[in-house]
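Naming follows writing order (A, B, C, D, E, F, G, H, I and J), and every chain is counted from residue 1.
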Amino acid sequence: MQNAVILINTEKGQVRAVAERLADVEGISEVYSTCGRYDLVAIARTRDFESLAQLVTEHLNRVEGIRDTETLNAMQVHSRHDLETMFSVGW
Amino acid sequence: MQNAVILINTEKGQVRAVAERLADVEGISEVYSTCGRYDLVAIARTRDFESLAQLVTEHLNRVEGIRDTETLNAMQVHSRHDLETMFSVGW
Amino acid sequence: MQNAVILINTEKGQVRAVAERLADVEGISEVYSTCGRYDLVAIARTRDFESLAQLVTEHLNRVEGIRDTETLNAMQVHSRHDLETMFSVGW
Amino acid sequence: MQNAVILINTEKGQVRAVAERLADVEGISEVYSTCGRYDLVAIARTRDFESLAQLVTEHLNRVEGIRDTETLNAMQVHSRHDLETMFSVGW
Amino acid sequence: MQNAVILINTEKGQVRAVAERLADVEGISEVYSTCGRYDLVAIARTRDFESLAQLVTEHLNRVEGIRDTETLNAMQVHSRHDLETMFSVGW
Amino acid sequence: MQNAVILINTEKGQVRAVAERLADVEGISEVYSTCGRYDLVAIARTRDFESLAQLVTEHLNRVEGIRDTETLNAMQVHSRHDLETMFSVGW
Amino acid sequence: MQNAVILINTEKGQVRAVAERLADVEGISEVYSTCGRYDLVAIARTRDFESLAQLVTEHLNRVEGIRDTETLNAMQVHSRHDLETMFSVGW
Amino acid sequence: MQNAVILINTEKGQVRAVAERLADVEGISEVYSTCGRYDLVAIARTRDFESLAQLVTEHLNRVEGIRDTETLNAMQVHSRHDLETMFSVGW
Amino acid sequence: MQNAVILINTEKGQVRAVAERLADVEGISEVYSTCGRYDLVAIARTRDFESLAQLVTEHLNRVEGIRDTETLNAMQVHSRHDLETMFSVGW
Amino acid sequence: MQNAVILINTEKGQVRAVAERLADVEGISEVYSTCGRYDLVAIARTRDFESLAQLVTEHLNRVEGIRDTETLNAMQVHSRHDLETMFSVGW
């Protein structure tokens, strides 16, 4: 499983709408509306790196109301949880 | 459940060691070593806001090798997964 | 009680109008027009974290004339005053 | 009454200690440990502008563990609370 | 007397016009067009802090052609000149 | 007369001492300790541009406790005051 | 052979289209769509420095959808590969 | 002779046109189109400081296609060349 | 093949030495010393994403003289060259 | 002839000494101590691009007292002066 943390700023007044649109995109497992410098943080969890690349370069581009994104691609994961099993149901 | 995304830069040469130390901290569910401007991104998931505050202001402070942290506290969560059930086992 | 400090920049020529609109929003206890990099600083004091989240993600979004906000959510409070009693009248 | 919002970053591992020291300084009414780009936000409330100037240029300088401060001096206050009465007891 | 240094950037091609407009505003004693990151630096010298607050939050807002301002409010003055006498004529 | 606005940050705990040292430097007419991103703002007023250059590149260098300076050299002055007469006494 | 690394941000929704247009420009050997602060990174490899200058100042200017570019011109190359032979076919 | 280095960014697609317009402005001796964060660097060399001030605050303002300028005014010159003689022909 | 562009700043006086050390690291195909904001740009080309992650999180950490790195991981490649064949010899 | 503009910040108190050292380096034609964000701006003029690369990556590295440099390499020159003849005497 390939994970990525996506830092997002939205157009004015679009925080909630973008959060809901993003949560429906395949490959996005969670969207948090956050305090601080970013409006939203999305966690992407895809089968492999190619799916992540497609998600970021194509699907994210089509979500309306996004102003800026910065993708932090995970190179290694450290967790006591078996994230792979928890999130991959249905692949 | 209270979630937070913590952006972390570490002392030089300490990325892996800090990641392992953080993954052992109670309340940190995942630590990702990432491409881009941050060395690590940790996801905190605690029972409530008070536990998160304690985690960030006290426990994180004691982890060696951290240079800088910026906590993005989640105000709302949008997810098709039941994160509460998935991550709260054992509380 | 949950406190937050909200740093705000307004549209040009809107500092005073936005300050007055914000001061009327439930949960905002004080609005300061300030010297320096930010036009306004608002202090939010809500019953609990959920009310703060709602205030920031929904009510603030509807205030006209705001260009940018950055919410600094309080994790701990240190004060010789009993802020809880002073500000919670009417809850 | 003169108000100011002071954004503070502390030396590593000193967040809590600095918060406690600041809360004891005369003229500082509240200290918040916060999420995001700043470690602490202190609210100064002094009798007049001269007292504020003295607090910032002299007393703050003597508090150990502070790395950086940025004072946002309030020029106007908008509040439904009578802050003057609430905070000036004892002057 | 209350002094403040105001760093200003203007709309494109408006440097000279804004400088002349600002120099006519009561409370602005000098306007410098400057090299470097800011187009103009204005020095405000008012009777007291309240007049400065009014100047910055109201009068400056009405000057056309200003894009951005950052007010650096003086807390203490060190000078071999008697600025108070030099600049307060007519108050 | 050549004017310049010098934005200054000092070593920790040195704001007041540097302000006093600077106020004694020939060519520095005023030093303000300020709110916001800079610790001090000094106004230099010299006979001509060569004196200003010497002040900035040589005399300022010798003042202890300065961490960073940024000189904003004035190209034009707009003022209702006769600054030349007011500040040039003794040249 | 003269090499340069060109960091590129595109207009919203134009990442893929710009990548394809750039890959067709003579002198651009590779275009990467990347994670992090930049949308695209292009590698230019030209016969000599004059060709690179022409590529950057003229041809790049005509590619639609580019918002910002920053060219990092290579002064020396360290590689175990014979880049000159690998990329210069056809000159 | 008064020298200044002017860092310039232009409107999109205007680098070459602005460079040519600037090179025709009296007092601008050289215009370089550059790699890196700035599109153009112009070197101004004028008879004295007043001419430079006029060039920057008036003539530069009228050149179309410029988005941003930052003037770095020279306070001292160190050179094995006699720049004064080389560049002042015709004054 | 997985590509990444790594922006690098080195300790003072270490540009050339770090460039040579990096060029010897397996998986780094080219190192450019560059003009502008970064000292070096390295291109990593590895068999797959796991090898890249190992290169960045482990091998790069051990190269002396590096001060800061920012890895821009390639999600898609557009090139008229068959980079896979050109660079994968020996895998 | 290859030109480059080099933006330089020096160690504290070293502006003049570094300026003098740089002016003696072969290939550096002028060094300006400047107002604003940079301490010094050096103009490099070398026979060709290879000499410039050698100057920047090797000779500049050996000059003591430099803290930071950013080289803006010229891709095209627009000037009414015959810079080539003026500066190349002795090559």
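To be clear about the criterion, a residue touches a chain if its C-beta (ideal position, glycine included) is under 8 Å from a C-beta of that chain, and two chains touch if they have at least 3 such contacts.
Protein names from UniProt, one per chain: A, B, C, D, E, F, G, H, I, J = Lrp/AsnC family transcriptional regulator.
Just so you know, these numbers come straight off a predicted model, no measurement behind them.
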item	value
From the options I-J, A-C or H-J, the pair that copies A-B, where over half of the contact pairs coincide	H-J
Chain pair showing more contacts of the two, B-G and B-C	B-C
Cα-centroid distance, chain B relative to chain I, in whole angstrom	29
Distance between the centres, which are taken as Cα means, of chain G and chain F, whole angstrom	46
Residues of chain E engaged with two or more neighbouring chains	16, 33, 35-37, 53, 56-57, 70-73, 75-76
Contacting residues of chain F [partner chain H, same complex]	2, 49, 52-53, 56-57, 73, 75-76
Touch list for chain B against partner chain D, complex	4, 53, 56-58, 61-62, 66-67, 70-73
Complex interface listing, chain A residues touching chain C	12-13, 15-16, 33, 35-37
Chain G - residues contacting chain B, complex	35-37
Chain C partner contacts - residues on chain D that touch it in the complex	3, 5, 16, 19-20, 22-23, 29-38, 41, 43, 70-81, 83, 86-87
